[in-house]
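In the part that follows, the structures are each spelled out as structure tokens.
Note that chain A is present in both complexes that follow, paired respectively with chain B and with chain C.
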Partner chain A sequence: MKTDHHVILRVTAKFLIPIITLYAFYVQFHGDYSPGGGFQAGVIFAVGIILYALIFGVVEALRLVPATFARTLALFGFLLYGSVGVWAMLNGGLFLDYDFVIPEGPDGHWGQHIGIIVIELGVLFAVAGSMLTIFYAFAGRAPEIDDEDW
Partner chain B sequence: MLIDVLSLLPESWVRHLPVLVVLGPMLLSPICAAMPKWRIAWALALFGIITSSVFAFALLQDVMAHGRISYALGGWAPPLGIEFAADMLNAPVLVLVSVIGVLATIFAMPTIVQDINEEKRSLFLSAYLLCFAGLMGVAITGDAFNLFVFLEISSISTYVLVAIGGSRDRRAFTAAYNYLIMGSLGATFYVIGIGFLYAATGTLNMADMASRIPEVADSKTIHAGFAFIVAGLALKAAMFPLHQWLPNAYTYSPSFVTVFLSATATKVAFYALVRLLFSVFSPELEFQQVVFTWVLAPMAAVAAIACSFQAVFQTNIKRMLAYSSVAQVGYMLMGLSLASAAGLSASMFHMINHALMKGALFMAVAGVVMSLGSSQLKDFAGVARKAPWTATALGISALSLVGVPLTAGFLSKVALFQAALMQDWWWAVVVLAISSVLAVLYVGRMLETVFFKTPGPAQLQVKEAPLMLLIPLWVLALGSIYFGLDASFITSLTDGAANVAFSGGQP
Partner chain C sequence: MSDVANTAAQVAGPDLSVILIDISVLTMMAITAIAIARLRSLFALVMLSGVYSLLSATWFVIADAVDVAFTEAAVGAGISSALILGAMLLTVRVAKEDKPLKRIAPMLVVVITGAILFYATIDLPGFGDPDSPANSYLAQEFLQRNYGDIGIPNVVTSVLASYRGFDTFGEVGVVFIAGVAVALLLGFGERSLSASLKKKKGGEK
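Now for the complex of A and B:
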């Protein structure tokens, strides 16, 4: 029978990864009325996947979150952020002016609320995608010279 | 001479012009990265940069007609919110960067096929668009911290662009790494300086800072902040002796990157230096005069002579032109350290001319390298026989670099001499004259090799550069001649810029 040296690591990681991911979303949805949010949440979310890759191997992690998906997620997040700005411009406001995100009277400020949530979501996607892309780029890099060749 | 672009644009777009010049390339960049076919990515990049340059022209006309334009991002009024501000100082820089961007993008088509592996091309163009958007952002922003953000956007993508040369020449990796370390140092120094200024004035908006600095100008905080900012931006602008990153980065990066960077990146950093020195700080401040007289002017003089001297002995043609770039930055800094409107106008004039001629020179060199495969000077022997159009444009731009009459380089050198003489800086005139003689030596060496040496068997294989390369090359070369005959358009812009700088940013 094959012995598993890392059984404690595996079990603990399996237990922790959902909590890390949940915590990422907790941080994310606090972002609209406290500073930060999207960036920290994106990092925490990516850390969950990276922990998975460290414990179960990069190949398994790539099956879970493919590299192209991570990259597309980053691009999509960036565009989501930008498009909120353009949307506000199309509605007659200045770039990124959340008061113009939804049609409402001069006293309505729901737009501020919605605008910040959407851009924080964009930041979450962009940061999580970029972190994973950077991690995959380092982890998936085949060494050009083997350690024995030195 | 300009078409009235402003009236062609829809009314509702006009008030968004300051943000539109940055927005197009920036939002197209992620779309480019996702393009499976790199030619579509290239078309998107070209489209984004052309729209950006149209908006830049419109913005320039708007500024000429109505003076300073302020744009409050997110509707938060400055000085609290981030402000994009266009005036006569930065509108010409925006036009310069975007026009060079359009020409460089056309030039990119034939050269990146050779220089960059197929699977990397879309990503490369995406990084290029980011770099472009960052440079435009540095030029348009009216917020000192936002300037740092855009500086980093452009710099980080620049490191990528330089490193991509590593697939052909491994030395590009060390060059890019070197550039990364030096560039990050520069950016860090800048942001430390901004931190000090924020501590002393409590604001990050440039115009607001400018109004508050005189009250606290004698504090050590402001002095330290000033020193950090000057050192940081001087590093980015490749001021002697902080230029060590530049020759390698220009030599080993793909030829397209060299063209684009030499004509824009150091120019924008130089603009940022001008912006901080003249419209945040002011030349009347005592410590700034000390820095002008005892730091910037001597360094400029050493750069103009030492780096021209180094250029004479280079065996690699790209490296030679890179050293010449550092020397030319010395010219611009000399004009700046005169701390007069004439001096600033002359150095901006020289900056624009230098962008035209260095862009053209690197393009022409790239055109020859495409079929020759080497950028060693000795390998260029007699290539003019096989590639007359490329070589002629090279010759015109090289003469402009020396400052031969009837070229743009001549007029800006004369303007620099006049500005120096107005303050009796005879030594500066002597220094620039010696540097010009040295320029005759290295340019003469290059032209002699290209036009008069007997070509060997390898040189007879050289072909004329493709049309996509010749068009932007000749636009720049003819620009050098046109502005050598009638520079009234550029000088009206640079005089306007100097006026803005000397009224403390408020027209």
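Now for the complex of A and C:
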């Protein structure tokens, strides 16, 4: 264990990080009705992990979210977005034409709803994974933050 | 002012309290910008640019651009501060003092650009004017047909995800490529981290 110079910081962060992560998911899934969406949610989610890394150390954060997982997540999100477009094409529509995501009548909006939710999930994964990959690339190079630097 | 008066029923002009909030937020932004230009400590600079982003997010909220404000707060104040902090750890902590003569050219550029922008604001339509070009043509059309087309109340989401889904796909691609590019330039993190930890354990070198 490290010295306990930052006990207030640690306790506050332990309290805040779950709320930040939960808020990211709220922003994600409430994006149809209120400001926000995949980009903001992905960034907020990544900030929660980065806050954890800044306070408890990058090694601990790498055990929580491995770097391999982060970059796989980014790739998976990008492919998920693209695959919705290809799925609409396979169903006879144009690329990313959500009206063709599920078969329904001309006035139905379920295709649009499902399409938007899936591509926003893709945006969330891609943004969160890319941001964490960028952060790990920087943080992996730096030595651990000394106490004097705060 | 006379043609604005016709639409005054829909667009009430800003009252005094809004003007006071506008002035105070913009003054704080100006003070932060001057402090950023004068400071040399990189840590303070990162923190102040986060403060600047948060203030501009507040300013966007006042201007009713809530989605932009949200993005500015999350990206500008949140993750870019954290990422620049991470980048700062790789370099020195204090920026070099530059020569006084070298400051004249940037100052001139800033002053001239500012003067041109001030001159351009004279031609801008009134704030929230429903007859302004930005509010008249495509925006009207999207606001009217959005619910029938997509069935989602938030127009920003439906424009971003559905009408311009291809564009957003490109943006996600840009973010993904940025992540890949940084990882290719700096290494994936865990390997260089374990190397630096080994180096630390083995003493010098």
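One rule holds for everything that comes next: the second predicted complex is superposed on the first by the 134 of 150 C-alpha atoms of A that agree within 3 Å, B and C clash if a C-alpha of one lies under 4 Å from a C-alpha of the other, contacts with A are read in each partner's own complex, and residues count from 1 in each chain.
By definition in this document, a residue touches a chain if its C-beta (ideal position, glycine included) is under 8 Å from a C-beta of that chain, and two chains touch if they have at least 3 such contacts.
In this text, all values refer to a predicted model and were calculated from it rather than measured experimentally.
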Fit or clash between chain C and chain B when superposed on chain A: fit
Touched partner set for A:Y136, first chain B, second chain C, both or neither: second
When both partners are placed on the shared chain, which of chain B and chain C touches more of chain A: C
Touched partner set for A:G93, first chain B, second chain C, both or neither: first
Contacts of A:P106 with chain B and chain C, given as first, second, both or neither: neither
Superposed model, angle subtended at chain A by chain C and chain B (C-alpha, nearest 10 degrees): 70
Touched partner set for A:I50, first chain B, second chain C, both or neither: second
Partner chain(s) touched by A:T72 [first = chain B, second = chain C, both, neither]: first
Which of chain B and chain C A:L62 touches, first, second, both or neither: second
Gap in Å between nearest CA atoms once chain C and chain B share a frame through chain A: 5
Shared contact residues on chain A - chain B and chain C: 71, 74-75, 78, 82, 85, 95-96, 98
Complex contacts: residues of chain A adjacent to chain C: 27, 31-37, 39-40, 43-44, 46-47, 50-51, 54, 58-59, 62, 66-68, 71, 74-75, 77-78, 81-82, 85, 95-96, 98, 109, 112-113, 115-116, 119-120, 122-123, 126-127, 129-131, 133-143, 145, 149
Contact set on chain B toward chain A in their complex: 12, 16, 19, 23, 26-27, 30-31, 33-34, 71-75
In the complex with chain A, residue positions of chain C that touch it: 43, 66-67, 69-71, 74-75, 78-79, 82-83, 85-87, 89-90, 93, 149-154, 156-158, 160-162, 165-166, 168-169, 171-173, 175-176, 178-180, 182-183, 185-193, 196-197, 200
Touching residues on chain A, where the partner in the complex is chain B: 71-72, 74-76, 78-79, 82-83, 85-86, 89, 92-100
